[in-house]
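Just so it is clear, A, B and C label the chains in written order, and each chain counts residues from 1 on its own.
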Amino acid sequence: MKKKLYSEAIYRLLIIVIAVFSALFVGAILLLIAKANPLTAYYVMFTEPLSGKFGLTEILVRAAPLMLVGLGIAISFRSGILNIGGEGQILIGAVFGAFIALTFPDLPPYILLPLVFIASFIGGAIWGGIAGWMKAYLSVNEILSTIMLNYIAFQVYMFLIRGPMIDPKEVAYGTGVPQTALLSKNAWLVRIIPASRLHAGIIIAVVLAILVYIFLWKTTIGYKLRAAGAEAKAAKYIGVNVKNYLVLAMLLSGGFAGMAGAIEVCGVHHRALESISAGYGFSGIVVALFGGLHPLGIIPASAVFGLLIVGADMMQRSVTVPASIILAIQGLIILAIVSSQIFFSNIGLKEKIMIKLKLMKSGDKDDT
Amino acid sequence: MILDFIIGIISAGIPLAAPLLLAGLGEMFNQRAGVFNLGVEGIMLMGAFVGFLVVLIVGSPILGLLAAIAVGALMGLLMAVVSVKFKAQQGISGIGLFMLGWGLSGTLFRVYIGGVTSITGIKPFSFPLLGKIPVIGEIFFQNNILVYIAFLLVPISWYVLNKTAWGLKVRAVGTNPQAADTLGIKVERIRFQCIILGSMMAGLAGAYLTIAQTHIFADNITAGRGFIAVALVYFGRWKPVGIMWGTLLFSLAHALQRSIQVYGINFPYEIAIIIPYLLVIVVLALSYKSQLLGPVALGKPFIRGSRE
Amino acid sequence: MSEIISKLEMKKITKKFPGVLACNNIDIYLKSGEILALLGENGAGKTTLMNVLFGLYQPEHGEIFINDKKVIINSPRTAFSYGIGMVHQHFMLVPNLTVLENVALGLTSKNIFKLDLNKVRKRIEEVSKEYGLSVNPDAYIWQLSVGEQQRVELIKVLCLGANLLILDEPTAALTPQETDELIVLLKQMAEKGRSVIFISHKLNEVKAVSNRVCVLRNGSLVYEGKTRKHSVATLAEKMAGREISMPALNEKSQANSPILEIKNVFAKGNMGTMALDGLSLTVSKGEIVGIAGVSGNGQKELADVINGISHIQSGKILLNSKNITNLSPQHIINKGMGYIPEDRMHEGTIPSFSVKENIIMKDYNKTPLSKKMFLQDKIIEKYSQKLISNFDIKCPDNKTSCASLSGGNVQKVILARELSRKPKMLIAAYPIRGLDLGAAEYVHEQLLEARSENIGILLISEELDELLDICDRIAVIYEGKILDILDRDIATKTKLGLLMAGIKNEKKAI
């Protein structure tokens, strides 16, 4: 029996490695088209961030919001609903949180920060919940609705930070940069490593990851959410109200993305500004998939993608390839990962390949 | 004054509908065959960029359009391999394709062009005779050639889908692929063909934006049109004429939103931009009943002999 | 058009699926003008064998010869080119297209543009006239009744030039009159030199229409011969017989108080017809009542309504004298109903969940398995390990997903869960379907043990041996009603077979 588990693990690893390599291979072709040497580009991207304090801390700075968004997406995917609205939920969360921070600047940090996070959670949750309700009760495709909500959120956000919530200083100096005023120090997340941007948000993210793990696998509500997503027919039979759980899943998922907004506002920029979501809403999807939709996998996955994002920035500086290529590579990784699913779900195919790899004796069926 | 305003909106709206119509008709073939391609947005972005680049370098709009169609076909091939051969979950693979197109177009734009450049591209022209009719002429017959092509594709698509043997096969494959298989129809091949066709049209739709509409390229120039086109396929109940009305509805709303800014009506700029996206959500919410009339096999990969 | 098939031979056909040997070394032969009946229980391999002939599956071993020439049929199109056509049990028609378009799909498969519907229309008219089959070519399939749809399938297959027709359970959803018409039609076709393979488990029809019959059992050919040589009764026996020693019932059950009472229940089925048509039945504590019947006579609907999965239009269902009619499934579960469903993978378990998580599927939110919304890991671990060892569930560990277990072990998980909850009443639907001998024996042992603990059991099955082995009484369901209930000591396969075919009180066998 142990041998069976072992060879399953090897098979799994092999397929994932091949998938990622295929994505990187096509990425290399894209790099060539972008007039860059793929080998140097990849080298810089993968190694330079690891070479100094700046790089290492920046990886964790990115990992924090990625983790939160990824956790939310894992919750939603496992409950049977695909949340692509991370970008919008981050923005709404950020603006709700900034609002609270700007309205109560004098509250002590141990009250203000939790309030800000709760507000951000609520903002993101509402944004996600809309799509969740429409899917559950109107069968509206949630991918389309969440994407539309992304565009709407962006405009609402820009309207707020250009208009009612704009920094009075910007108005006074006539510079008109769309951003809120600097938040009071009470809303700043502590910088853990001096002379870097690494803030306590990473700790919050890891703690939340563990809490999500406990929630999904150790509570009855988590059990019901996962059951509804895994096998709606059986879930209904045992009494799970599948529709309501779909909405719950989106509320939670949106809320986590909202908190990613809070982390960026309180930990990195100390205000709400234009590009605060920085594509985390989409990168979070890749992180979730790469982490196997499991919180304990998402923790390292966020670090990996944090590395890629920081590496892409560094690559832009030294090899002059625009960092936006990392978005294309993430897209390729998504395509590779979903293409690889067939090697796990089609048992006949899996057996054929495992036999070829001599991981399994032909006809080794000890309990048929 | 009001009449001028209305005429202005309609004549602005019609050309705005062209890219949505092209992408929407393409996606219709996809979905009729049972495949759901959310990567249309990414394909449009690549089409927009490649078309623009080719016109910039070579100067010929026709070559630009052809290049965009070719890029669309290539990305469609990728999508087809992933969704049909690897039977991957179609929603997520669409998002992957979208990120690929978005990231790549943005990157190549910065590498090859860098700044704001414009091209001559295709310009609107007045249709001989018809363009001079008062009111009607102004609204309908003073557009660029791609607009006419897009609207012409509506009856052509209808004909292909309903009156040709290939169209019959597409309709069968999207509703009961098992039945089509037993009659010797190659389900996977038809799906490949539809995906590639749809992607070619999406590439063309993207090129329209840069070559015929704005004559420049900017990051994320499509602003969600690809997704809107997919939503319009549901709204149009998978029929060419329905999709046409859907795109017109949209584009009129879009034209309205723009003229609000132009006429300086006191309405916040950002809130006006929301109108089209909000409209999509409303439309999706109202279309839920029509899902039952849609291609039954939509989104389900085909496995011969599956006992489900 | 292809040449007429005067002789068809399938030699030593073997077809395997992961974990299942569907066809084991089967030989079939057929001459033109013959109607061959392929008889057997569900899962016997009849449809699989015909799917091989029709090109949907490729066999691992074996060869097919047409008119003494070896042929390889690797797709339905190839089958059609040889003149083989199949009408499947679930019609292969596209609902939102017209009859004309459905037939055209097969005739124009080589074209891209040209769609000559007029030519197709003419062909349909020719075939309709030749066989007296009338259809409206412009009707949409979704508008047609089941009988009419079948006519379309037949016309389609004939238009495509088939001269060997395979019909899979063609009368499953037909009215008696439509069935008679079909039988007449098939005989007509045979007279014209066409050949027919008729898959069925309706013994009467097999007798009425076929010249020869082949009986399949568990993937093997167990009998082959001329139809008129055998009575319906012997055919039934050959179909359902099984030579194994299964745990048998020894003591008679005490006449006990009733635990499940089904009173005059009427319930609609999927097709809109009354699937349960005034069904009444009582099960007592400590007895196993079997439900025998050909699949499709209301068994699925019966299991659904008892468990609250679907509603009834009128009638009453009582569990332990309490009314459970139309209650929600969880209520019924909480009142002490256990269920081993037919659909193990979608209703009985959550396949992607681990064995551990499936074992607690019904009790996860009750103490001691959880306290105030938190799952008590240690207790769940102990509980699942105990059940795994008690029920001998073979899995690498309790975290393995149910999807990777064999059918027998999935069933053990379900059994373990249901039985250890000590239900008052247990519904078991086709519990040994697809299981090997060892697993099947185990399931029966468990059911007998439950019986001795005074649990009432309703066993729905198509396997007469199973029912005769362990049931105290056997009820036969036919067209939504209980046709008769036979006590254990007087029930025989012959009697049951006749009842299953709808024949009550025959004085002598045909």
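FYI, a contact is a pair of C-beta atoms (placed from the backbone, for glycine too) under 8 Å apart; a residue touches a chain by one contact, two chains touch by 3 or more.
Here the structure is a predicted model, which means the values were calculated and not measured.
The interface with the largest number of contacting C-beta pairs joins chains A-B.
Of all the chains, the one whose CA centre sits at the greatest distance from that of chain A is C. Distance between chain centres (mean CA atoms), chain B to chain C: 46 Å. Averaged C-alpha coordinates give centres for chain A and chain B that are 29 Å from one another.
Residues 18-19, 307, 309, 328-330, 333, 343, 346-353, 357, 361-362, 364-365, 370, 373-375, 377, 394-397, 404-406, 408-409, 436 of chain C are the ones that touch chain A when the two sit in their complex. By the touch rule above, chain A contacts chain C in their complex via residues 1-2, 4-5, 217-221, 223, 226-227, 230-231, 233-239, 347-348, 351, 365-368.
Interface residues of chain B, counted against chain A in their complex, comprise 38, 42, 78, 81-82, 86-89, 91-104, 106-108, 110-111, 223-224, 227-228, 230-231, 234, 268-271, 273-274, 277-278, 280-281, 284-285, 288, 291. Taken in their complex, chain C has these residues touching chain B: 51, 54, 56-57, 75-77, 80, 86, 88, 91-97, 101-102, 104-106, 108-109, 111-115, 160. The residues of chain B lying in touch with chain C in their complex are 163-169, 171-172, 175-176, 178-185, 296, 304-305.
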